[in-house]
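Below: a set of structures, written as structure tokens.
Same chain, two partners: subunit A is paired with subunit B first, then with subunit C.
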Partner chain A sequence: MNFWKSKRFKETVIGYSFLLPNILGFLVFTATPVLLSFLMCFFEKASGRWIYLGLYNFKNLIGFHLEAVAPFERTLWYHVQHFFFRWLPEGSQYLPLDPELWQYFGNTLFLMLALPFSIIGSLFVAMIMNQKLKGRLFFRTAFFLPNLSSVVAMAFLWLAIYDTQYGLANIILRGVAHSLAVIFPACAKFQGVPWLSSMLWAKPAFVLMNIWGGIGGMNMMLYLAALQNIPPTLYEAADIDGANWWQRFLRITWPMVSPTTFFMFVMGFIRGLQSGVLQGLLLTDGGPAGSTTTLGLYVVRNFYDWGRPGYASGVAWILFLMIFIVTIFNWKYAGSKVHYE
Partner chain B sequence: MKNRPGGSIILFCLIILLLPGCFRKGNAGKQPEKIKLVYADVTWAKYDDMRRQQMREFEKLHPDVECTYLPLPINNLGQKLKAMFEGKKAPDVFVVRGIAEDLLENRLLDLTPYVERDWDYFKDFNSKALKRVYGRYYAIPINTGAVILFYNKRLFDEAGVPYPNEEWDWSDFREAAIKLTKRDKQGRVVQWGASMMALWWQLALENGARIWNEDRTQCVFDSQEAADAFRFYRELFAKYGVTPAPEPANRERFRMDFRNGIAAMFIGDRWRSVEFKEGPVRDDWRVAPMPKAYNGSRRWEYKYSILGVSVQSKHPEMAYELLKFMTRSEFTRYLIESGDSIPLRTSGEEMRIFLDEKGRPPGENENYLKAIDDPESYGRFDVFSDLIPLSRQMQVIQEGSERYMLPGSRMTAEESVKLIARKMNSLYRKYKAYEKVRDEILAKTGQKQ
Partner chain C sequence: MSDKKRTGLRHRTPLQAFFTYAGLIVFSAIMLIPFYWMLSTSLKTSEETMAVQMVWLPKVIQWKNYFLAWTVRPMGRFYLNSIIITGFASVIQTFTSTFSAYAFARLRFPGRDKLFFLYLATLMLPGAVTLVPRYVMFTSWGLVNTYIGLMLPGMFSAYGTFMLRQFFLTLPRSLEEAAEIDGSSALGIFFRIIVPLSKPAIATLFTVFFIRDWNDFLWPYIMATSENMYTLPVGLASFVGLYKTDYHLLMAASIIALIPPLVIFMYAQKYLVQGIKLSGMKE
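Moving on to the complex of A and B:
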């Protein structure tokens, strides 16, 4: 039978025709930029031309050099280096050629502290929403709202909440502190937390914001679907065995939703490493003192503000490698803990 | 009949692809195409209509030209322009953000031959605004400004504090700010003595510090003068509480507090007066010269908006004409009358209008001119390195100073300026090394200009 006239061929053509828009979209908007950005790592734009630099960008990104540092800059890292590398001259230490990359990597990891809290929080909320409550639909919608709202609007909302003098957060905290002043007189002096203007508080402020965004929304919906898929017979059997609430949760609910938890963990890790661009730009411009600049924002700065597209691509590919390694690690080790029916 | 959905889809795609061809007009009988020029600038509702009007007037003068005004949002101006240049769709005339960056990216056409040819037209321009960079003219100013001390006369009168004057130095400023700050029973500020944006490096320069050495090969910001200026500024909000802390979230508040009449003093440039003329403070604001440094000098930044012609322009001569057209007296007069600009030209009608500005006390506007004419006044290009992008240098200064200025920071002023100098020098070495590698490669490939 002629293959070109066969039913199989026709079905293949029809199948690919349906896939075509998606494949074209992927090729044009994903694969090509990814490929171009990979090529750009080895080039840099100079005087309007692309010049081939080989591994120069990567050398500058992850390389180290010896540099004199002032006494106030001598951290534990300085002493560790001098302990191991005895030949180092006094007052000098190996510093990264791009110290900002490491600082911003640290910031990115810190902001990912929101991930476990938002996973636990969304499971907790989903469990409540799974009960037969009055107005359940309203609450489900309300909790899903952060997912539907614009990031820009959310950022401005939080900007108003975190305002040092007039923000809602500090109004509440001041109210609590002044009430406590009856017992602890020192509390009367409390004026508020400098949420976005202090290097100490800016990162936790971002984490809180991310927890809020992560609890509702898609995470809660996924958990809700997972909870509804748990066969009621398991709980009935547990009841007959006399299991209490905690035992039911630990032995039935938690293992049964573990594939969802694993999915959220993997996706949350990937998103977390890429995050912080819009929030940083809108709320703090990456400050104070770079404490809310993430690797994603560093890519944007290098690409658009400082005219180093090749270097920016290098940062992006380092970020990709991190995500890739972490995801493989997650699949290999965390994936084995997941319970599949 | 057999269903052939695969064939139908292919046929449909073909029709879609061929359809536009059926409607394409031929060239026969068509008038010669007009020269198309695009002018891109930062959008501002107040000026967008005026700029469109300028385009129409230019078209009347040059019937073979069609001009389009492209308003761009300030927030991602750099990104937009970059994307346009990358896509070879750059506007013919565009607002220059930082001349060093634009030169680095090879965006600006050298306008020297045109400016020299039309020197009679430009000879009256303020030489600080129309200036050569690397010995060439790459951009032309359309708007100039100077940093000045705005004060609220009513609040000064209520507090019985004498107005700022020519002889004021920074201790006078601080004393007045302390007297003008008012608090409620809980100790919360209800009226700020001053509202100062993050003027860290500017204050340091006025105090005698320098960012780079003479040949701009080494950052010399780690000086006592810079540390003293930082300390003075920090004390204003941390010790005396007379100005809001320079939090990123406060950026808008500095100006809004003065505009709304709840800050007695504000340091900003001439451009701010447009807003103050319309806000609650409109009847009360006045301007005075900036306070002097302790060594008696007054050294402040002058600012200007400049436009350049893109190297990608297909009609550079006409693009230059459009740019020149926008600097004509009848247009810059509008900017002066609205309170936005200081005259581009040092004499003539513009200057008369400026000095006799409607609604302003006589002689007040001379303060702006003094600020610009001061031999010590400077533009950013004069004090920053031309090797490193300006925004990068600003970031290092901002991050370094925030380590001392903001709550929770543990550095001293001296440590903060040392950190800035070390980071700047490290950055300089990095960019210098990159420049060397780049030049070697360009030389090898015969591409070096």
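Moving on to the complex of A and C:
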């Protein structure tokens, strides 16, 4: 039989012509950059030329070196290291070659504290919205607003809210403090929280902002869909047994939406690892003292501001590795921990 | 959303109705007060934004802030750029995704499943991985600071392909089989059966693409090097260096940027709910 006239060949042609417009773009703008990015990890650009460095970038990123510590500078960290690494010579300790990477990794994890709060918040909003309501369109739009607006606009909004003197947050806090001054005179001195300008407050300020931005939106929609898939008979049976609101929530709603919750948590974690670029750029410039720089922003800084595309690619692939591990973990354990119908 | 399905959570007692509305009001207050602050600040004088006390309402509403925000930077140009780039990118992205999703969902050809797995795998990739080499590639092709360079990467998406494929899999095969027996070509089946059946899902995807492309920041931020190529988010961001503490201007400009996605959402929100319910995004 002639292959060129066979059904199999015809199917192949039709299949690939449907795929063609997308796959061209996919190959050029996704697959090729991924390969290039992987190669770039082993190179660095210096005065317009790419120089092969082998594993040098990775060594600098995640490597450690020994450093001498004066006796009066020995911290708890020094003693912990000496407890675990018996071979360390007296008076020296391991220091990361790129301490910023570790600091920014910590920042990235800290900012993810917003995740559980915004997921739970979205569940409650969805439960409220999953009823007969007047003004459904109004409320749905209200709960979608932070997700609709550009992150730049939201960053500006929070810039205005977090202003130490004139911001909404401090105006409200001052109002509360001054009315408390009747009982606690010390409160009268309260001037406001230096939200974005202090190392102590910048990260919590970001977390609060992310909780607010994460409630509602797509999470709410996904929960709404999940809630509507719960068979009403379950609630009817619970009613007959005389279950109260909390029992119904704990025994029916929560287990039934747990796959959705788990999905959101994993997706949120993956997104969280890459987040914070724009907020860092616009709100705090990554500061004070790098306390709001995330790994994502570190990539952009390395490549765009400091002209180190190779090093930046190294950071990006470390990020990818972390996401990969989370995904594998997800595949392996999703089944056993979560209730599926 | 049929009311029949929602009987599981009807108001049982007046008390429960009370708690429902109380919760609704508290949550929407948390969501809306910052936006109210945004709106009221955008209508204040610059002196009123510098008040340590609460100013709920400006004494005289300053509509001219919007005019100012529109003119101190070439906002009209930013708008035009955004409309051109977002329009082309999201329309073409919807087309390419629909075609490829159909191929992955229904057509048989060698290498299909391997390719689909490759698509899926890229969903995991952090944007940072492709950002750097894309920039290097576009620089060497001379596409930096051009419309083509700004919209090209937005025209193809693994995400859209995946979502639509999941939806196509839920469609009944019998219609297509009947059409096949009647001698319809793959293209005929696609346009006469699949596309009409999937309108809500396609509309949802378009909305998602539009909002995402409209608000996209990082790519235009590094691609647009001169002001006349800035998109709205990049143009908005350029306010911060110049008018960092002119909150009334910042807020007015932000609201100007917010209107198009809001309008699209209001228009498409009923599809959005249907689409999510249908497109297998449930889990």
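Assorted remarks:
In this text, the second predicted complex is superposed on the first by the 304 of 341 C-alpha atoms of A that agree within 3 Å, B and C clash if a C-alpha of one lies under 4 Å from a C-alpha of the other, contacts with A are read in each partner's own complex, and residues count from 1 in each chain.
Just so we're on the same page, a residue touches a chain if its C-beta (ideal position, glycine included) is under 8 Å from a C-beta of that chain, and two chains touch if they have at least 3 such contacts.
Note that the structure is predicted; figures quoted are calculated from it, not measured.
When the two complexes are overlaid on their common chain A, residue A:W317 makes contact with subunit C while staying clear of subunit B. Of the two partner chains, subunit B and subunit C are each touched by A:I14. Applying the stated contact rule after C-alpha superposition, one finds that A:Q165 touches each of subunit B and subunit C. Of the two partner chains, subunit C is the only one touched by A:I128; subunit B is not. Considering which of subunit B and subunit C touches more of subunit A, the answer is C.
After overlaying the two complexes on the shared chain, residue contacts for A:Y304 are found with subunit B and with subunit C alike. By the touch criterion stated above, A:S179 is placed in contact with neither subunit B nor subunit C.
Overlaid on A, the two complexes show subunit B and subunit C touching the same residues of subunit A, namely 14, 159, 163, 165, 304. Per the touch definition, subunit A reaches subunit B in the complex via residues 10, 13-14, 17, 44-49, 51-53, 56, 60, 67, 69-70, 72-73, 95, 97, 159, 162-165, 191, 194, 196-201, 283-285, 287-290, 301, 304-307.
Taken together, the subunit B residues at the contact with subunit A in this complex read 4-6, 9-10, 76, 78-79, 82, 101, 104-107, 187-189, 245-250, 311, 389, 391-392, 395, 398-400, 402-403, 406-409, 411-412, 415, 418-419, 422, 426, 430, 434, 437-438, 441-442, 445, 447, 449. On the side of subunit A, the complex with subunit C involves touching residues 8, 11-12, 14-16, 18-19, 21-26, 29-34, 36-37, 40, 121, 124-125, 127-133, 137, 139-153, 156-161, 163, 165-166, 168, 171-172, 174-175, 212, 215-216, 221-222, 224-232, 234-236, 245, 259-260, 263, 270, 273-274, 277-278, 281-282, 296, 299-300, 303-304, 309, 312-313, 315-317, 319-320, 323-324, 327. Within the complex formed with subunit A, the residues of subunit C that make contact are 1, 3, 5-11, 16, 20, 23-24, 27-28, 30-35, 37-38, 41, 49-54, 95-97, 99-100, 102-104, 107-110, 112, 115, 118-119, 122, 124-137, 152-153, 155-158, 161, 186, 190, 211, 214-215, 217-218, 222, 232-233, 236-237, 239-240, 245, 247, 250-251, 253-255, 257-258, 261-262, 265-266, 269, 272-273, 276-277, 281-283.
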